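The following pair of complexes shares a single chain, chain A, combined with chain B in the former and chain C in the latter.
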Partner chain A sequence: MFDVAAIIIVLAAALVLYRAIRGPMVCDRVLAVNVIGTKTVVLLALIGFIYKRPYFLDIALVYALINFIATIAFLKYREMGRLD
Partner chain B sequence: MIDIILLLFLVICGFVAVAMNDLLSTTIILGAYSLIMAIVWTRLNAVDVAFTEASVGAGITTVLIIAALSRTQRMEAQILAGGRSKKYEKYKVKRLLLLMVILVTGGILMYGTIDMPAFGNPNDPANLHVVPRYIKKTYEETGVVNFVTAILANYRGYDTLGETSVIFTAGLSVILLLRRKK
Partner chain C sequence: MDIRTIVSGVFLFTGCFFMFVASIGIIRFPDFYSRIHPAGKGDTMGQAMVLIGLMIYEGFSFVSLKLLIIVIFILIANPTATHALANAAYVAGLKPWKKGDKR
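Up next is the complex of A and B:
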């Protein structure tokens, strides 16, 4: 059952990847990559259950924290034109 | 099944990242590439590598590339804009040559994987050289519970020290290049 859920989430990520590739604006792409990151978190938790290793959940949590760094950098670059 | 879809994602991301002219979009696509690659590492049970891939590939590298883009140009140079000029013909020939080199190198690398032993086979020569000794003796020799930590920090301590100095030098040069101008 977890396998089916994982495949469905990967297919959902494929839909988002289409938006990341086609997306006419940079903002579309940033949003799409952010959603892919969220999918990654869920997928990691699912893989933890598939392999019967509950400590993957901690890693999924830290992924969710890392996920914001790139988005914040993009938005700051778009807003100010520089990072420092 | 999932693995094949994920690897397909990686190939698509790679092609799109090369094909785009907007370098900011390329950076974003490469961030997605790193996240998918992290899932692949986790599927291979290499959680620490996956963690490094996500934090370095999707996190720090993206920020560094954006910082570099803010100092240079966002768009790739438009060589194609010249149309049918002589420069364009030269560029086309050069691109075909590069493609040939890449295809040949990739073919040689794939040919090399044919000789590799089956994945995860405990009787591989690679798994019979020093691995049994590490498994038997690590705890009594070093007192560290985790093999990987013991190998990195005890048996290969000097190697890790060298890697740390390399990373320190790289960090210093990044700070020197990207520091704020007074």
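Up next is the complex of A and C:
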């Protein structure tokens, strides 16, 4: 059950990768990277359940934090031209 | 095969369906402002349903508390990031797509 769901989510992330490569603007690429990050969080939780190691949930939580901070920081840099 | 496994499987595959449909929408929608619509709603809904399915499978423990923390954080953070993306594109001067324009 969990491995089939993980395969479906990997296929969905591979579909979004097309937009990250081809996207006409910078905003499209940032959007695609954000969506891939959300799918990676779910994939890490599923991997923790497949191999019965619950430590992967901590990695998933930290990855969610890093994903959000990276998106906000990149957009702030692009909007203002600086990061302070 | 008890009832809890079946309910968690239903939640899991409904969430997978939502995430897959969100990826197809990100590929196929015509412009940026309509592309952030599946990313802001479909993806958030999909991850919440997949992780709630894992919580139902696990039962009442510390692991499911961690999953609940991840769900609540992404429910807050993902629409915020999408809103910041739309704001940045609007400040940069991107015009919305009209019917008949080039994709």
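Just so we're on the same page, the second predicted complex is superposed on the first by the 84 of 84 C-alpha atoms of A that agree within 3 Å, B and C clash if a C-alpha of one lies under 4 Å from a C-alpha of the other, contacts with A are read in each partner's own complex, and residues count from 1 in each chain.
Criterion: a residue touches a chain if its C-beta (ideal position, glycine included) is under 8 Å from a C-beta of that chain, and two chains touch if they have at least 3 such contacts.
Since the structure is predicted, the reported quantities are computational estimates derived from the model, not experimental observations.
By the touch criterion defined above, A:13 lies against chain B and chain C together after alignment on the C-alpha atoms of chain A. Of the two partner chains placed by the overlay, only chain B lies in contact with A:66; chain C stays clear of it. Legend: residue contacts after superposition of the two complexes on their common chain; A:75 is shown touching chain C, with no touch to chain B. When the two complexes are overlaid on their common chain A, residue A:5 makes contact with chain C while staying clear of chain B.
In the superposed model, A:30 makes contact with both chain B and chain C.
Applying the stated touch rule to the two superposed structures, the overlap between the chain B and chain C interfaces on chain A comprises residues 11, 13, 30, 32, 67. By the touch criterion given at the top, residues 5, 9, 12-13, 15-16, 19-20, 22-24, 26-27, 32, 35-36, 39, 43-44, 46-47, 50-51, 54, 57-58, 63, 66-67, 69-70, 73-74, 77-78, 80-82, 84-85, 87-89, 91-92, 94 of chain C touch chain A in their complex. The part of chain B that touches chain A in the complex is made up of residues 1-2, 5-6, 9, 12-13, 16, 22, 24-25, 28-29, 31-32, 35-36, 38-39, 42-43, 45, 47, 50-51, 54-55, 58-60, 62-63, 66-67, 69-70, 178-180. Residues of chain A touching chain B in their complex: 3, 6-7, 10-11, 13-14, 17, 20-21, 26, 29-30, 32-33, 36-37, 40, 43-44, 47, 51, 56, 59, 62-63, 66-67, 69-70, 73-74, 77, 81-84.
Contacts from chain A toward chain C in the complex involve residues 1-2, 5, 8-9, 11-13, 15-16, 18-19, 25, 27-28, 30-32, 34-35, 38-39, 41-42, 45-46, 49, 54, 57-58, 60-61, 64-65, 67-68, 71-72, 75, 78-79.
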